[in-house]
Amino acid sequence: MSYLTEESREAIDDRNLRTMWDVHDQWSSPDTDLEPYLWEWEDIEASLRTIEEEAPLEDLPQGIRRSLALRTPGSDITSSTIAAFYQTVTPGEVAGAHRHNVGAFRFVVEGNDKMYTVVEGEEFPMEPGDLILTPNWTYHDHENQSDETAVWVDVLDWPFIGSALGAPIFDNHKEFEQPVDKEQGYYNSQFGTMRPANDNASRFRDTPPYRFSWEETYDVLTTAADNDQAYDPYNGVNMEYVNPETGQGPVMSTIALRQQMLRDGDSTKTHKHNTSEIYYVVKGAGKTEVGDETLEWSEKDSFVVPPGKWHSHETTADESVLFAMSDRPIFDAFNLYHEERKDE
Amino acid sequence: MSYLTEESREAIDDRNLRTMWDVHDQWSSPDTDLEPYLWEWEDIEASLRTIEEEAPLEDLPQGIRRSLALRTPGSDITSSTIAAFYQTVTPGEVAGAHRHNVGAFRFVVEGNDKMYTVVEGEEFPMEPGDLILTPNWTYHDHENQSDETAVWVDVLDWPFIGSALGAPIFDNHKEFEQPVDKEQGYYNSQFGTMRPANDNASRFRDTPPYRFSWEETYDVLTTAADNDQAYDPYNGVNMEYVNPETGQGPVMSTIALRQQMLRDGDSTKTHKHNTSEIYYVVKGAGKTEVGDETLEWSEKDSFVVPPGKWHSHETTADESVLFAMSDRPIFDAFNLYHEERKDE
Amino acid sequence: MSYLTEESREAIDDRNLRTMWDVHDQWSSPDTDLEPYLWEWEDIEASLRTIEEEAPLEDLPQGIRRSLALRTPGSDITSSTIAAFYQTVTPGEVAGAHRHNVGAFRFVVEGNDKMYTVVEGEEFPMEPGDLILTPNWTYHDHENQSDETAVWVDVLDWPFIGSALGAPIFDNHKEFEQPVDKEQGYYNSQFGTMRPANDNASRFRDTPPYRFSWEETYDVLTTAADNDQAYDPYNGVNMEYVNPETGQGPVMSTIALRQQMLRDGDSTKTHKHNTSEIYYVVKGAGKTEVGDETLEWSEKDSFVVPPGKWHSHETTADESVLFAMSDRPIFDAFNLYHEERKDE
Amino acid sequence: MSYLTEESREAIDDRNLRTMWDVHDQWSSPDTDLEPYLWEWEDIEASLRTIEEEAPLEDLPQGIRRSLALRTPGSDITSSTIAAFYQTVTPGEVAGAHRHNVGAFRFVVEGNDKMYTVVEGEEFPMEPGDLILTPNWTYHDHENQSDETAVWVDVLDWPFIGSALGAPIFDNHKEFEQPVDKEQGYYNSQFGTMRPANDNASRFRDTPPYRFSWEETYDVLTTAADNDQAYDPYNGVNMEYVNPETGQGPVMSTIALRQQMLRDGDSTKTHKHNTSEIYYVVKGAGKTEVGDETLEWSEKDSFVVPPGKWHSHETTADESVLFAMSDRPIFDAFNLYHEERKDE
């Protein structure tokens, strides 16, 4: 579309100006070209085995992780704001220490109490279902001191900070492995029922280093289910991880994390929203309808619900638990969240 | 002081008017007539035994507790804002269920896991050192199902709400013992690392019902001490109980609660403030200088540091722990807190 | 009521202890002994003339104002939290400079642009209907450079801070009149539509020095009325002064100030609350039912609605404007506000 | 860089997975390819005259504005978050009514009191230097009822919401010109020194419709300069527009707006930051060093300081005023702002 003569267009272009109708289309339609997708654990696992063999960690630079990004069809990464990976570290390997203003967390697929993520001087054990925060600008490395290969889901707000804002900063620790100078449990103890008096300034840019053990997570989730609390017809029993400093969600300023429990026979109503949801299947099996597609999931799979797609969930197992990752906090920060619900 | 004729004074008085110089003195000097005082456990215990014998709970109305208020010399209660009591319930007795807009908590002197405070449907066991919140407008009763007499420190913002603001409201439960419809641990589980998604409105006027066990309290305190955290030269290792909903102090909107640990040989610097401090000795023995007096305390004693008195603490035991109760949150709400420090 | 032998009572008393039933009654009933009262301007004026004659300002100490407190029947001051006065300064007189942690404001009854309240270096003119803030710990003096006697309503949270909290502090300026080093309009200009970038810390403990001119106040009030905004069936068109720094009420942390407009024929519904309301009649005439009494008011009168009394207002003039002063912010700070409404 | 066999790469790719080293580079370096640029008014004006002639508004669809975007070299728009345009409306023309979740404001270059932006039912006159907010989801149209062509700077967070978040929504008003049902001054009157009591919920998603007149802006700026306030060695006298509801900056949740005054002889120190600054020259003339370039500006010019470039400003006129637009609020929302200063 142009209303100008070619000569006029060129004169405008030469002055580093552009007509509004020329830029209009570029930013005027919501993203609709992302497609839902399910990554089956079997496939992921096969690819993890391949990269373990062909790319030993010791051959990689300190800042590079051996991990596989989930690429949503229609994009080159998981969403416009969030990148999700499966990372693997084999016995004896270490993924070296670094920090970045990109915020991240780890959700454990396979691990044990000798597989550590070290964050700001504390070793956090990584057992299945554990959530470990490695927030904005905290040093972290991953050390497998066990005799089993460990795998976890690695999630970062990298596309948002690195690409959308164009502002990533990155810093390798001066040592390959950072020193451990805190006892296990140190950071969690800082955010309990007592705090230093007269000193409520946070030492951290975002949320602190923290471990949410699966044991506690599952306990809170079943207590809520047993007391008929936190039920949401669009999500099931819907519990949110909170920032340990404030007791409020979201747990990170850019990413909200929830556990959704679907009990025997549960199916949710259908809604859509302008935010992205990435799911990891912690427990059970079931189906998610997204737009025209049906994603059939079981344990350790991941799937994506892109923005603007109608979706609903259903369990086919007695009990399913879905770990939900959403970029809604970014939208909420600017009052941009938009949701539509069917059947209301 | 008057500048008026007697006739003028009377005419003014008849119109329900008063000259400013007439009211001036009444409100222009800080309270200075309160004196420090130490209540020794031996004396308290003797008086508790007396009232147990002479006033069985079953003879008292539902709203009345069998307890002894600490009267600070110069006042008729502990401070202008806070009333502290020692309450006793013998085996088989029940102090009946009621609620009030006065906020309260209990800190256990002698108890066990069959001595319960029931708050809003949950039984909270009362073991020595436990802190149980029975906040503003929550139903609570105390039931001794053990075979030992229980004693605790009962603290309320009653003088502030009942007298200063003149606004107490009170309500007996329709049953003498409220029904128990929650499992033990229910309320604490509501304020952990996960919360219902999309629902962050509090159900409570102030802080929620909650139990801070001594085990956890002492653990947090020693972790802080071991890591050289939270040290304050005027208070020792100084950890504050936080509101479980927000992770921030004060734990109640009117009263701040802290544990102050004095380690072997510790003595604090001297300061004074316009707020009241009431202390209960959880552990150890030592001395507190207040104004011209020296209070020598040991376990289960209480003492008061009235507003405006210079004071410092010193442990004579290897380790002392003082439970500190302060009305500072009322002063902070209006930017009225004032402190002076010696030796700075 | 006692359950103890006389000997037991004495032993308890000797230890500075008191039984709970002994203190119970003292703090367990809301204040109900305060009575509504109307102070007519004619009477106030007569008494002001008396004190002007008999007590020239130059005979009074620097910290003393020549003013008359409103004494609510059943109390020795206006309410348990607020003291309201009418103050007078005759041509050429100065009420000297001091500050206090008690917060105050002035609402002008009679004045002009040569009658100044000087606050923190700026002269604020006092014309009828103007509201001047002299907040917590700001130096202020009153200088009548005109040839007319000025009168204003002086209101302070003195009973709350001085008596209930027992914590007043007071400081005379080293000079009788503080130096004027700011241009008129300086403080108001600091809280407009632009503020210093990267610097949003307040320099003031509470609200800043500020003048709300009657011209602007009346304009905002009539705009609201004309647009059918801010109507409250219990108060009429009900606009609240806001803290200039935040745009939110209450204007002071202890006292909320509102203007209530009753338009031709307006009468309000009946409610009661546990907070005190003190009214000054800016404009018009009407009636207020309080409990069993009817207060008939006209311009420059004041009246009090004590806590817990049912009340409603009615205008008999074409338009009435009532300036309402309430201690509700103190109650809101601790979630203690309680209201009941008739006819709902 | 690859560590895998071609066959392995393809297998991974087929599963919609990507190795981390493959995506790493894409998001790991801050944007450094944007170049500073100055758009001179003379050139802009010539291009505006061209589009006025060749593209009458009546030939354009309702949602299209006749405006020219500033394209920063290295990008296709002004910054990764903000788009700035110069828009023109000739006598009798109307740019039709629409709304969008993209937030916008207008800063007037040439206009008068018959040139209106209509926002949510109120006509806001557009005189030179006025700032008019047309925030997130408010209907707005532009109507030139004068006999002079009007020009203003149009600024939107369109690249952020439309492209980075992929979430623009847009809605034409059902009528080409929205009805005017508010008096002039209505919205500004809502955010003055009084607000409706008991009703502090905002009706707006972000900031409200509002007009900051140049007269008031310049007055506040000179008052600050005269009182030696708000001086920042990196920006000069640095005053920020605030959100009228809260009195706090930023004025919009995505964009901060400031006026920087450089007085006779002023030059600033040098700093850089990871946020973008777009400048419009309101008054005066001067030079800005950005990286290796010197931008010489005078009235009505615009220029851009891209992220990561060292920069300093200097006035060559007696007094210069720069209107600064920054995306820093987006960075602050996630604790990502980063600044470095020379000479400290």
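General remarks:
Residue numbering begins at 1 within each chain, and the chains themselves are lettered A, B, C and D in the order written.
Quick note on the criterion: contacts are C-beta pairs under 8 Å (C-beta built on N, C-alpha and C of every residue); 3 or more make two chains touch, one makes a residue touch a chain.
Chains and their UniProt names: A, B, C, D = Cupin domain-containing protein.
Keep in mind that what you see is a predicted model, and the values were worked out from it rather than measured.
Chains that touch both chain A and chain B: there are none. Most remote from chain C, judged by the distance between CA-atom centroids, is A.
Taking the mean of the C-alpha atoms as each chain's centre, chain B and chain D sit 54 Å apart.
One inter-chain figure worth recording: chain A and chain D are separated by 32 Å, centre to centre, where each centre is the mean of the chain's CA atoms. Per-chain Cα centroids separate chain C from chain D by 44 Å. Applying the touch definition to all chain combinations yields A-B, A-D, B-C, C-D. The residues of chain A lying in touch with chain B in their complex are 186, 189, 191-200, 212, 216-217, 219-221, 223-224, 227, 229-230, 232, 235, 238-242, 244-249, 256, 258-259.
Touching chain A in their complex are the following residues of chain D: 3-5, 8, 11-12, 15-24, 26-31, 37, 39, 43-44, 46-47, 50-51, 54-55, 59-60, 63-73, 76-77, 80-81, 83, 85, 87, 101-102, 136, 158-170, 205-206, 253-254, 274, 307, 330-331, 333-336, 338.
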